[in-house]
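Consider the two complexes below, in which chain A is the common component and chain B and chain C are the respective partners.
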Partner chain A sequence: MMAALALLAGFATASWAAPVPKEIRVGTLYASTGPFASISMPAYDGLRLWARQVNAAGGLYVKPYGRKIPVRLIAYDDQSSTATAATLYNELISRDHVNVLIADSGSVLTSVAVPIAREHKMFLFDISGTGKPFFTRDNPYIALMSLPISTLWPSVQADFLDSVGLRAGIRRVAILYATNDFSGTHANALAGYLREAGKLRIVYDQGVPTNTSNYTVLINNIAATKPDAVIELGFPGNDIGFLRALHESGEHFRYVFTLFGGFEMHALLGGAGAAAMDGTFTYVPAALYPYKVNYGPTLARFHAAWDAAYPKGSGVPWGADGLMGYMTGLVVQKALATTTGMGQLDLRRAVFAQSGKLRTLAGPFRLSRDGAQIGEMTPVGQLHADGHGGLRLVAVYPPAAAKAKPVFGK
Partner chain B sequence: MRKHPADLILPALVLAAFAVAPFLYSNELMLFNFIAFLALAQGLNIVYGFTGYLPFGYVGFYGAGAYGFALAVMHLHAPPLAAMAAGAGAALLLAVILLPLLRLSGAYFAIASLAAAQAVYEVVSNPALQHITKGPYGVSLSAVFAPRFSYYVALAILGVAFALVVWLRNSRFGLALQAIREDPVSAGMAGVSVVRGRTVAWLLSALVAGLVGAVFAWHISVFYPDTAFDLGVSIFSVVFVLFGGATTLTGPLLGVLILYGVYNAIGITVPQYFQFIYGALIVGLVLFLPNGLVSLLTARGLRVP
Partner chain C sequence: MLIGAVVAGVVFGLYFALVGLGLNLVFGVMRIVNLAHGDVLMLGGYAAWWLLSAFGLHPLVAAVLVLGVFIAVGYPLYYLVVPQLQRARDSEMLSLILFFGLSQMIEAVTTIAVGTTERSLPGRMLGIGPFILLGARLPKPWVFSGVVSAVAVAGVYLYLYRTRLGMLTRAVMVSRDEALATGIDVHRVSALAFGIALGLAGVAGVFAPFMLGSITPAMGPDINLTAFAVIVVGTLGNPLGTVAGGVIYGVALMLMQTYYSSWANLLPNLLLIAVLLVRPEGLFGRKTRRA
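Let's look at the complex of A and B:
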């Protein structure tokens, strides 16, 4: 009797279980050209590395099917155009019927994905689109993976200046930013934190077009306000232009901060040089900070895998963006391994269930209720010339992450 | 004027095809983009095909329409259809402001219109106007996001654009415009009001672009000034009209269906090949068919709708 029941149960399971797909389709976009290529391509390369590793290990373990299934990465080139990206996100959802949708890097190319994903009830894995408007209580179809939301991100630097900076004599702050969604929001949030604390005085707060390359006059204007701290927020091209002009101007400020000094250190090193960057402050990206992990490889192992996959001369740079793409793959992997169903809201529940638990090479993963990333607080670090034309980036704040004390200029 | 049934049948067929297309092809945004470019190409056809003015800055009206819509939604909480009217109004206002440009001609007009569009873009994206336009940080209109409804509104706008071109092709006014295009002095001597004719064509063309921009803003709901004032919109529209052949309904239609079709078929997967093929097509066209594809038929004395 028991054997018959067992046989019946087995038969029922075999007959009624959903058919196992031959592949899990992961859809994403990348920008091979245009202003976002420098952040998009490495993230896509990180995702490709993740997919290759997963398939080499027999595929993704998908809990609802109880087995490993190969992953197929479907990717289109949006060429940094939001109009093209919108069409292509639709293509991934409506024509390719992807199981998992991953946005292109950065806020601009993510922005068009947000309403489209929501309209199609598709959960959006947002790699690095940190724009605050993306995350609202009434939209359950998004979660930010690997960077803190833009309004929260600058809080670390504001705390640093309000505490350590203040003790070191920093009183007057100048903020110069490129007027794009990313650095503009960042600048406004930073100014908001500083004003709210009321300990430091903002003496200069100016936005310039993102295509600004000559900062000579701007630096003169800033110097005229006699700031102790100068914070320049822009894309890598802005940082290079600013650092070069500052170095050539002969002006000295006690604290100089650039947004991409750590994230795109090699690009800035090539554009501005070690001398111009020596002593400046920046964020310490996960690619340069070994977080403790409980899922996926450590930073060292990932770096080794990256170098093996993309050796020097391959044209694929090592850096923070690649790590963010790879880390997004890890979250997808964990979600599929724990989800109770293959519906998009099931996937969302699986991702949110990891909030506060998952720790990857990008740091602690923690989501707010509206899907914004609030776990990965990027430390502030200081760059020091290594004497061989290169730079070292050392975390200086917050105290829990600090590896050295900051050295302020005179 | 003699009536030509084909002038009505062709647009009716196109409109019917796009009305059922979302039920047959699931990438609705791609279909929407086809409709938008079809309408823009016909809108450009009105001013270029019938008066000879080629505004490289045509995107300025499109962007004005998009931002007119956005401002009405954000600040006046206008319902989408009323905001559409605001978008059209913004484009018309811009067209009135730019009326003096019509005193220029040829390349001077083309470049001046481009500069004007760039000037509007700079104003809209100015961070100092963030409290009004959201500056360079883009607008989000998720509260009015209604892709299916806005798709059919776009189709209605395409119908309006078709109707305007059909009217111009079959009316005395359209003939007067063509006379102005060929020789404004002779047309004026013959009693045609040159200034009035050009002004009306200019405003109608701007109206179409403004409506398309407004419905684009509604359909996509999240966009940046770079998107709304993307020069690519102008370039595509101009190339589509030139490729197919101006002054006809069929020319811009063929231009959009072929070139935008190629763009979507090849450009999605291998954009490098797309640029190569696009370039080769345009070079071939300029060398061998300077009056567009329809000239293959019109050169033989055939009337093309």
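Let's look at the complex of A and C:
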């Protein structure tokens, strides 16, 4: 009797179980042209590398099906246009019926994905859209993968200036930022932290349009307020324009910070040059800082795999964005290997279950209840010319991550 | 801060006069809108970057080479594209569409060829440190670029007003049909103007890394918008009015950056709207009465 019941139950399970799909469809967008191409393409290349490795190993292990299934990356070019991106996100969901939806890089191109994903009840794997408005308690369909939310991110620098900087004589701070979701939120949060601590005086706090590339007059205006520290927050193009103008202006400040000096060192080096970047401060990206991992490759192994996939001359640069794309693939992989079902909220549960446990080459993975990334706190570092036209970035804060002491200008 | 902003604005504006000059020359002579103008400028910037990276050529040498090569390319390109356009019933609208397509194609091909990373030229090639002008601190590369722009503008002036070909060009600008009726080789004059316009855009591109920080394949549309504002302010079809348009744009931009920096990118649009509402013919345009 028992055996018959077990047999019956077995038949029932077999007949009711969903058929095993031929492939897991992972949908994403990339920007081959336009202002966001420089951050989007490397992230997409990182995702492609991940998909290639997964398929070479027989596919993704998907727990609900109990087997490995090949992954198919479906990607369209949004050309850095939010209008095009909105259409393409809808197509990925409605026409291609992707199982996993990954946003394009950066806050601007992620901003249109957030309401679309929510409307379609698709869980959005957000690679690097750190804008605060994306994360709300009433939206369960998003999680930020590889960078801290922009309101939390500047806390490390604020702490650094309020402690180490203050002891070195930094008193007056100028903040110049590009007015977009990413750097605008970042600047406001930084100013908020500094004002809350009340130890330093903000003497200049101005936004400029994101397409600003000439900073000569702005630097003259900043110099007129006599700051000790000048913090410029924008995209790589902004940083290049700012660093060049500063170098050519002959003005000197004791502390100069740019947002992408480390994240896009290669691009900034080509645009601004080592002399203009020497001695400036920036964030130390995971691509230059070997975190301890408990899932996926170490930084060294990933770097070797990247170089093998995209050798010199291939036109695909090594850097932080590529690592972030790859790391997002790792989170997708882990989520599918542990999820209890293929529903989007099942995926969400699987992703959130990794919060506080997963440590990848991008650092510790920890999510707040609204899906914001709060685990990866990027250290502050200082760039030093290596004498051969290159730069090396050394972490200087927080103390646990510091490899050297900061050198402030005179 | 005010004087500094005004002085920097004049120098920056001179550069933007150079940026707009070619666009206005094409419109003035051919009555077509070259929406690929910003992309030609971008190509000039990449040419200078390549010549420096591959052969160590100084940007000033690159500027001369780019001028020559772009004129040489522009001349036959005119015959390939423009006469067909002008035979169409709505040549201005068709030119918008055609050159928009060309712009997209140039951007895509450049992206494939060089990638999306920002490129630049070392500022030290045009001098290190500030240049003090009326108490304002300006980067030496800016002053250099401003001087080259002024020379280019003077060159165009001399061409238009001191050479026979220039006189014929002005005749075509006044009336293409009448110029044709008087036996002027309109196509030859226009092809040369088209080549010069491309050459001027190319030279502006060589100095773009010094004035704008860096170049990317996607910079064309932004440059076009600004160049349009400059030439509309200075009068469409009047190449020399472009100088006034450029200086007004440059000074206004620097004043905006000083006092309302967040709103600075609205400036080209504001200038366009203001001029179109108050003086649609531009600052140097003549009011015409049609019976």
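Here, the second predicted complex is superposed on the first by the 397 of 410 C-alpha atoms of A that agree within 3 Å, B and C clash if a C-alpha of one lies under 4 Å from a C-alpha of the other, contacts with A are read in each partner's own complex, and residues count from 1 in each chain.
Assume contacts are C-beta pairs under 8 Å (C-beta built on N, C-alpha and C of every residue); 3 or more make two chains touch, one makes a residue touch a chain.
All values reported here derive from a predicted model rather than from experimental measurement.
In the superposed model, A:S368 lies in contact with neither chain B nor chain C.
In the superposed model, A:T87 lies in contact with chain B only, and not with chain C. By the touch criterion defined above, A:S32 lies against chain B and chain C together after alignment on the C-alpha atoms of chain A. Contacts of A:Y76 after superposition: chain B is touched, whereas chain C is not reached. By the touch criterion defined above, A:M41 lies against chain C but remains apart from chain B after alignment on the C-alpha atoms of chain A.
In the superposed pair of complexes, A:V114 makes contact with chain B only, with no contact to chain C. Put chain B and chain C next to each other and count what each touches on chain A; the higher total goes to C. Applying the stated contact rule after C-alpha superposition, one finds that A:S249 touches chain C and leaves chain B untouched. With both structures placed on the common chain, the touch criterion links A:T298 to neither chain B nor chain C.
Of the two partner chains placed by superposition, A:T338 touches none, neither chain B nor chain C.
Chain A residues 32-33, 179, 207, 209 lie at the interface with chain B in one structure and with chain C in the other.
The part of chain C that touches chain A in the complex is made up of residues 1, 4-5, 8-9, 12, 107-108, 111, 115-120, 122-124, 128-130, 136-142, 209, 211-214, 216-218, 222, 254, 257-258, 261-265.
The part of chain A that touches chain C in the complex is made up of residues 32-35, 37-38, 41, 80, 179, 206-209, 211-218, 220-221, 224, 236-237, 240-242, 244-245, 247-251, 266-267, 270-273, 275-276, 315, 317. Taken together, the chain B residues at the contact with chain A in this complex read 26-30, 33, 125, 127, 135-138, 140, 142, 145, 147, 220-224, 226-227, 230, 232, 264, 267-269, 271. Of all residues in chain A, those touching chain B in their complex are 32-33, 76-77, 79, 81-84, 86-88, 90-91, 94-95, 108, 111-112, 114-116, 118-119, 133, 136, 139, 179-181, 184-185, 207, 209-210.
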